[in-house]
Each structure stands twice: as C-alpha cells, then as structure tokens.
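Shared chain: chain A. Partners: chain B in the first complex, chain C in the second.
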Partner chain A sequence: MYRSQQLALKYLTAAVALFGIMTVAGVISAYYYINPDFLFGILHFNIAKILHIDTMIIWLLMGFMGAIYWFLPEEFGRELVGIRLAEILFYVFCAAVAVVAVVFITVQYGNSNEIALWFINQGRKYVEAPRWAAIGVVVVMAVFAYNVLGTAYVTGKVTGITAVLMIDLVPLLVLYLDAFPAISNMSADLFWWWWLVHLWVEATWEVLIGCIMAWTLMQLLGTSRRIVELWLYIEVALVLGTGILGLGHHYFWIGTPNYWLTIGGLFSALEPLPLLGMVIHAVYDAGTHHMKTTNRPAFYWMLAEAFGNFLGGGVWGFMITLPQVNLYAHGTQWTVSHGHFAFWGAYACGVLSVFYLVIQKLRGLAYLEGTLWKWSFAALNLGLVGMVGALLVSGFAQAFVERAIGGSTHEAFMLGQENHWFVEGMITRFIFGLVFAAGYVALVWDLLTIGKRTPVLTAAGVAGAAE
Partner chain B sequence: MSEISLLQSALLLGLYVALAGGYGFVYTIARLQDAIRLQQASFILYGLHGLTAIAIVAWTPLQIGWKGLIVASSAAFLAIPPITWRFLQHTHETEVQ
Partner chain C sequence: MHLNDPAFWRAGAISTVAIMSVVLIMLTIDSLAAISPGGSNVPLYTVINQHIDYKFDEKRGNDVPVIGGPEPLFGKAVDAAAAEALIDKGKMVIQSRACIDCHTFFGNGAYYAPDLTKAWLDPAWETWQAITGAATREDAMVKFLMNPETNRISTRAMPNLGITQQEAEAVVAYLKWMAAVDTNGFPPNFGHMQSKQ
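Take a look at the complex of A and B:
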C-alpha cells in the first residue's frame, strides 16, 4: 500500500468521526426547537448549529481528500510528491479542528474586535472558524494541490480525470480566500461570501465528487476509462454551466441588484436537466450489470447518490428556485430541507460509497456483502428522508404564515414559530434525526466489522455470486 | 402571490420535476428490459408531467418568462432520456468493439 493510501485511511477515519459529531450536534440542534431551555447557559443553540454545519463541511472535505489520496497513487502509478508534508498537515488539520471545536464550545463568542476574529470566531456563517484556523485550511489545501500537481509534473502523466481535478483545485483554493472577511459593508460582504459558499458547493465540490465517482465506477463496475472520462467532461460541463450562475438564487434580502434574481432563477432552473442525465446513466450502469457487483454496499450508496442528488437538488431545489417562490421560501426551514437532501444526495452518499470500496481493498476481500450495511443504509436514508419531509412541512408553515400572510414582521415570525404545523414538523424532524443517528451507529459498527467474519471468496465463488 | 398560490405553485413545480425524473427512470428500465408496457408507463408519466406543466402555465401567477421556461424545459425533459440512452449505448458498444 502506498503511503498516500495510508494517509487516505486516516482522512477517511477522521471523516467518519466528524460525521458522528455532525450527527450529534444536529440532533442537539433539532432538540432546541422542541425545548428551547435545553442546555440553557451551557451550550447556546447557535454554537450547536455551528458545530453541526461546520463538521458537515469538514467531514465531507476530509472524505473527498481521503478518496483522492486513495485513488491518486494508482492513477499515477507512484507515490505522491510531498507526501511527508501532507502526513504532517493531516495531524495539524485534525488538531486545528479539535481546538476550534473546544473554543466554540467553551468560549463561544467574543467582543467585536480583532482578537475575537483571530482566535474565537470570524462570525461568518459556514466559515466561522477563527482566522488562524482558516489560514490553516488554506495551507492544507495548498499542500493537497501541491501533492496532485507536483506528482503530475514529475510523472508527466495527466489523465482526463486528473486534468479535471487539477483544474478544479485552482478555484477550490482561490475561492476559500474569500473566507477572510475584509469588507465592512454587509451587502457587499454577503455578495462575495456567497461566491465561496455557493461556488464551493455547487461548482468545485461537484467536480471533485465527479472525479471521485469516475474512479469509483472504474473500480466498482470495471467501466472503461474512456467512457467515464467522456461522461465526466459532459456532466461537469453541464453542472458547471447551470450551477455557476445559479449563484443568484441566494441573492435575496441582502441588497443585491434585482437582475441577479432572474439570472439565478434561470440557471438554477436548468440544474435538474443534467441531474436527470445522471439518473439515467446510473440506472443504465446498474441495469447492464443486472444489479450484480462484488461490493453491494458501495454499489447501493453510489446509486443512492444519483437518486438523492436528483431528488434533493432537482426536485426540492426546483420547488423554491424561481424568484416568485424563493422570495417567500428563502431562509425558512424549506431551504433547510432542500439543503439537507441535496448535501446528502450529492456528496455524503458518494463518500459513503468510497468508504466501502476502500474497506474491500483494505481487507483483501473479493466479495463484500453483509447484513448490517442494509440496516444502516435503510436507517440513514429513512432518517434523512423523514427529516427533510418534516422540515418541508415546517418550511411550508413558515412561508405561508410568516411570509405570505404576515409579511415577515416580527409578530408574524413568532406566529410562524407557534404554528402547529411548524411545531409538529420540528418534533417529527427530531424523531427522524434519532433514526438517522441509529443508522450512523450501525454504519460505524459495520465499517469496523464487515468482511472480518466472512471467509475470503475464491474467484470461482465470486463468479458464482455475480451470476 | 397569495399564500395559497405560493404553496400550489411550489408543489406543482416539485411535482413537475419529480414526474420528469419518473419518466426518465422508467424509460431507462423499459429500454434495459425491452418491456413495451414499461415504455408505455414511462410515456404516461411524461403525460402527467405535461399536464403538470399545463397546470403551472394556466393556474400559477408566475411571470410569462418563467412559464416559457417551463414549456421549454418540458421539451428538454422529453428528449433527455432517449438521447442519453442512445449515447450511452453508442459509447459502450464502441468500447466493446
């Protein structure tokens, strides 16, 4: 095994741990909506929410990095350049995440001064990490880029997938520089802040997961490089073509010019079209293999990614993306519902697929199958769908009562919060959050044990299983 | 937009994309299994998608430009499954040769 693959295992392990923290913080955040006195004076709601959202970003990012460190040495046929530096920075990255989490939990917030900005909280949603930690993220991403670009330069070997990946690393790194607040005008600040949040999530991350899924398809189903690369180009072009200017669908209520609302609505309304193409591609691949594979958990998670992306990004997104609806739905639990579903479908399911692919290689199994993964798959997806359904109902109530009837006054906000549809939606979300958490526990146990008690099948056994 | 129109419009828009997805999904399975009935079912789903598009155009207070986009998207949704299918077949057959 290459050293970069050993590093990949560390990143993937850290990703699983952070996935757990995200889940716990999410369940706690959900419970605040039912019992606002919960942990009163000990842990504020906003801190639990920050932990939930920030660990979601970090676990997915570590999952992507782990996957790329796993696949890249096989792609280049050699160890990655600068791997020692990457190994050191992994520990720095983990230590920084831990320190930031402890500061968030214990210090929580500071005064509006430079010290708070540097050492406590930058105060910008999704990128709250204090400035020193944000610089650390830049350094980690720069070394990651060096590993990829340096190895490509040394080997002189650039495949279609690595070319797409290398191009993507540039905006991935440059856009993160936007995490450092430097503008005191809030409208201007939010305008640029969305460039980071939206373009990371709906542009650069889409490309990253596209590359990872291309490698996964090659290893999981034996699809040829020529085919996956061709589709990678097409799908990345379509997703970027619709996703980049979809940026405008966030520009509500922050003082941006009106034309952005039309641009954002138009391009994001086109986003379901490539997502439908991806669903067809996934069904085609599954069908031509007659749903048979040597790694069923990875295969099913990959299918869940295609469908989850279409439902979460396509269907849920299209409900709210046209300006006349977005005007009312923006910032309600309705958008939270869309966000949960889209992140789960577009990214989390893909990373979970990679976990199982790596486990199979790691344990030297010709065939990976079991029972527990099905329970975890069912509980995680049921929990997630239950949560997004409940959030959708709560969001409807908010948009209906608070926005459309009440005209977004403070009194209307309170009426919206007290509406029984909203309250029942929040309770239901919490219950399904617990189902999701149970799925996470099953997932971890399964990742630790799957294949360990199963005898390694012979080639003949595998052929029999695949028939 | 009234509160009722808001929910009606949003639900119709979600249904519009969900039915397009259902059409693409069933169409692909129908082609894989060479099943006429499933292919007919896929076109029924597309028909429902078309009816949803008509409902959006006729009943929702969306501006005319967005309604035009809905109609144009419906045409694209109709074409995507067969075009994608042919392209997938072509790329895989070329690979086998």
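Take a look at the complex of A and C:
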C-alpha cells in the first residue's frame, strides 16, 4: 500500500468521526425547535447549528481528500510528491478542528473586534471558523494541490480525470480565500459569500465528486476509462454551464439588480439536467451489469448518490428556484429540506460508497457483502428522507403563514413557528433524526467489522457474482 | 467529431466554462456598482438620518423602501464618517455574536429566529417599547438587545450575548440602514397584516 493510501485511511477515519459529531449536533439543533429553552444560557442554538454545518463541510472535505489520496497513486502509478508534508498536515488539520470546536463550545462569542474574528468566531454561515483556522484550511488545500500537481509534473502523466481534478483545484483554493473578509455592507458581503458557498460547494465540489465517482465506477463496475471520462466532461460542461450563472438564484433578494431574477431563474432551472444525466448513466451501468457487483454496499451507495443528487439537488432545488416561488420559500424550512437532501445526495452518499470500496481493498476481499450494511443503508436513507419530508411540511406551513399571509414580521414568524403543521413537522424531523443517528451507529459498526464477522466469500456468493 | 468522442465534450466543457465565467464577471462588475453604498440598490450609510418606510410600488409590482425626510437616529444626525463607523461596528457585533446562525439577513442564515431584513420597521417594537418603557423605537431596540432574555414576548427567547450599549446602538443603526436596501420586494407584504388590523 502506498503511503498516500495510508494517509487516505486516516482522512477517511477522521471523516467518519466528524460525520458522527455532525449527526449529534444535528439532533441537538433539531431538539431546540421542540424545546426552545433546552440548554438556554449554556449552549444556544447557533453554536449547535455551527457545529452541525461546519462538521458537515469538514467531514465531506476530508472524505474527498481521503478518496483522492486513495485513488491518485494508482492513477499515477507512484507515490505522491510531498507526501511527508501531507502526513504532518493531517494531524495539524485534526488538531485545528478540535481546537475550533472546543472554542465554539466553551468561549462561544467574542466582543465586536478583530480578535473575535481571528480567534473565536467569524460569524459568517459555513465559515464561522476563526481566521487562523481558515488559514490552516488554505495551507492544507495548498499542500493537497501540491501533492496532485507535483506528482503529475514528475510523472508527466495526465489522464482526463486528473486533468479535470487539477483544474478544479484552482477555484477550490482561490474561492476559499473568500472565507476571510468582514465586509460591512451586507449586500456585498453576501454577494461574495455566495461565490464561496455556491461556486465552491455547489460547483467545484460537484466536479471533485465527479472525479471520485469516475474512479469508483472504474473500480466497482470495470467501466472503461473512455466512458467515464466522456461522462465526466459532459458533467463538467453541464454542471458548470448551468451552475455558474445558476449562482444568480442566490442574488434575487440581497440588494442586487433585478436582472438576476431572470438569469438566476433560467439557469438554475436548467441545473437538474446534468443530475438527471447522472441518474440515466447510473441506471444504464447498473442494468448492463445486471445489478451484479463484487461490492454491493459501495454499489448501492453509488446508486443512492445518483438518485439522491437528482432528487435532492435537482428536484428539490427546482421546487424553490424560480423567483416567483422563492419569494415565499426563501429563508424557510423549505430551504432546509432542500439543503439536507442535496448535501446527502450530492456528496455524502458518494463518500460512503468510497468508504466501502476502500474497506474491500484494505481487507483484501474478493467480494464484500453482509447484512448490517443493509440496515445502516436503510436507516440512514429512511432517516434522511423522513427528515426531508418533515422539513418540507414545516417549510410549506412557514412559507404560507409567515411569508405569504403574515408578511415576515416578528409576529408572523412566531405564528408560523407555532402553526401546528410546522410543529408536527419539527417533531417528525427530530424522530427521523434519531433514525438517522441509529443508521450512523450501524454504519460505524459495519465499517469496523464487515468482512471480519462472517465469511463473505461463500460458494453462493461466488456463483451469484459469476453469473 | 462525434457525440461519443470525449474530445468533443472536453472542448465543450472548456468553452462553456469560459463563456459562462466571462458573463459572470461582467454581471459582477455591474452588480457591485449597484450594491455599493450610494449605488442604485443600496443607500448611503447616512440614510440612518432619514425616515425609512417600505411601501408597495404599483409600477414595479412589489414592495420597495421609501426614504423620507429627516429622522435622526437617537435624535442626533451623524456625518458620513460617523455613519460608516456605526455600520462597521454594527456588522462587527453581528459577526462576533454569530447572529446569522439563528436569524436570517435578506433571508440568508439559520431560520431559527426572525428575518432581520426589515426588522427596523417591525410593528413588534411598539410592544417592546411598552415593556421597556422606552421613549422611542430605537431606545426600545437597544434595551431589548442588551437584555433580551428578560424582555421576551414569545416562546422562543433570544439569549443574552453580552451586548453593550455602544454595540446595541451600532446594531440598531445597521438594521435601520439595511431596511433601506432595495431587495426586489423581499420580504413580501411586510407589516401589511398588522396595518390592516
């Protein structure tokens, strides 16, 4: 095994751990809606929420990096350049995440000065991590880019997938620099913030996961490089072709000119197209292989990725993306429903697929199968879809009561929050959050033990796989 | 060159990304001019010296901010430099207390607490004015921000975030300025329900 792949295992392990913290923080955040006085004066909603969304970003990022550190030496046929530096930075990264989390929980707030932004909390959604930690992320990403670009330079070997990856690393690094400013003008602040959130998370990440899924398909189903690269180019063309100006759907109401209503509405309405293409591709691939694979957990998580991305990102996003609907849906639990479904479908399922692919290689198993992964798969997806459905009901109620009828005042907000459909949705969301958490526990246990508990290379399994 | 040739789609991807990026940059240049203070959509910070309202515009078909005559904040008009200092301070308070991780601004944030886009104009301040015994809306806002947990009027209370008098005044200035930003009619119908009662 390459040292890069050993580093990949560390990143993937850290990703699983942070996935757990994200889940716990999410369940706590959900509980505040049922009992607003929970931990009042000790740990408020915003800190739990910060822990929930920031660990989500970090675990997915670590999952991507782990996946790429795993696949890349096989792609290049050699150890990555600068791997020692990357190994050191992994520990620095983990220590920084831990320190930031402790500061969020214990210190929570600073005074209105630069010290607070540098050392406690930057107070911008998704980029709350203090500036010193954000610099750390930039350094980690820069070394990651050096590992990729340096190895490509030394080997002189650039495949279609690595070319896309290398180009994608540029905006990935540059756009993150937007994590530092504190622009007083909220319109300008949010204008650039969306370059970070939409173009980083919803564009460069889509390309990253596209590269990872391309390698996964080649290993999982033996799909030819020509086919996966063809689809990767199509995905890049369509995702960025629609997504770059699709950014405009975040510019409807922040003070920006009203031409964004047309541009953002049009291009974001087209954004589901590449996601639909991925579903067609996944179904086609699954059909040509008659649903046979040597790694069913990875295969099913990959299918969940394709369908989840289309439904969560595409369909749920389309529901609220036209300005005529968004005027009422914006800033409600309807958006939260879309956010949960999209992040899960677009990224989390893909990373989970890689977990199982790596486990199979790590344990040297010809076939990876079992029972527990099915329970985990079912509980995580049922929990997530249940949360999404419940949030949608709450979001509908909020959009009608608070936005459309009430006019978004404080009184209208509270009428919306106390509406019985909203409340029932929140209770249901919490229950399905617990189902999701149970699925996480099953996932961890399965990852630790699959292939160890029971013989997986059974005669029936071999015969079935050979059909 | 055929549709199943990767080179075709590679060229398509490169050209599509290039064209869309150029268009985005051009629109960004135009938008930044519109949203800079004093631009077509965002008022100068000295707007805090004026009366601000939010009315339905028949021609545009949505609610728009209406800037009226003099109405100095805390009864004292400020010059451009002082107004900018207040807005800078207000934003720093908003970031240091992570307000956006409970509230929303222009609908962006965390959805647990009310949207603050037009908070300056919220009829609820009349209730808080009565509770706090404050003479004006802005004084009621300051008193609330400094002691929100003892001035709760709903089941969901805001915690005490250690906001000082000076910080609270800056936040009030910030909210007043933000209410004057043209947000293409978001939020719709703000305050109409109350005005009809």
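Please note the rule applied: the second predicted complex is superposed on the first by the 452 of 467 C-alpha atoms of A that agree within 3 Å, B and C clash if a C-alpha of one lies under 4 Å from a C-alpha of the other, contacts with A are read in each partner's own complex, and residues count from 1 in each chain.
Going forward, contacts are C-beta pairs under 8 Å (C-beta built on N, C-alpha and C of every residue); 3 or more make two chains touch, one makes a residue touch a chain.
Source: prediction; values computed, not measured.
Superposition of the two structures on chain A leaves chain B and chain C fitting side by side, clash-free. Of the two partner chains placed by the overlay, only chain B lies in contact with A:399; chain C stays clear of it.
In the superposed model, A:230 lies in contact with both chain B and chain C.
Of the two partner chains placed by superposition, only chain B is touched by A:273; chain C is not. By the touch criterion defined above, A:20 reaches neither chain B nor chain C. Taking Cα centres throughout, chain A sits at the apex of an angle toward chain B and chain C that amounts to 90 degrees, reported as a multiple of 10.
In the superposed pair of complexes, A:181 makes contact with neither chain B nor chain C. Taking chain A as the reference, the larger set of touched residues comes from C, when chain B and chain C are compared. By the touch criterion defined above, A:255 reaches chain C but does not reach chain B.
In the superposition on chain A, contact is made by A:190 with chain C only, not with chain B. Within the superposed three-chain model, A:417 lies in touch with chain C and out of touch with chain B [touch as defined at top].
In the superposed model, A:328 makes contact with both chain B and chain C.
No C-alpha atom of chain B lies closer than 6 Å to any C-alpha atom of chain C in the overlay. In the superposition on the C-alpha atoms of chain A, the part of chain A touched by chain B in one complex and by chain C in the other spans residues 226, 230, 328, 404-405.
Against chain B, in their complex, chain A makes its touches with residues 224, 226-227, 230-231, 265-266, 269-270, 272-273, 276-277, 279-281, 283-284, 287-288, 310-311, 314-316, 318-320, 322, 324-325, 328-329, 396, 399-401, 404-405. Touching chain C in their complex are the following residues of chain A: 32-33, 36-37, 40-41, 44-47, 49-50, 109-113, 116-117, 120-125, 128, 160, 182-191, 193, 226, 229-230, 233-234, 236-237, 240-241, 244-245, 247-248, 250-261, 263, 327-328, 330-333, 335-336, 403-414, 417-418.
Listed in rising order, the residues of chain C touching chain A in the complex are 4-6, 9-10, 12-13, 16-17, 20-21, 23-24, 27-28, 30-32, 34-37, 40-42, 84, 87-102, 104-115, 117-119, 122-124, 149, 154-157, 159-162, 167, 170, 178, 181-194.
Contact residues of chain B toward chain A in the complex are 1-3, 6-7, 9-11, 13-14, 16-18, 20-21, 24-25, 27-29, 32-33, 61-63, 66, 69, 73, 76-77, 80-81, 84-85, 88, 91-92, 95.
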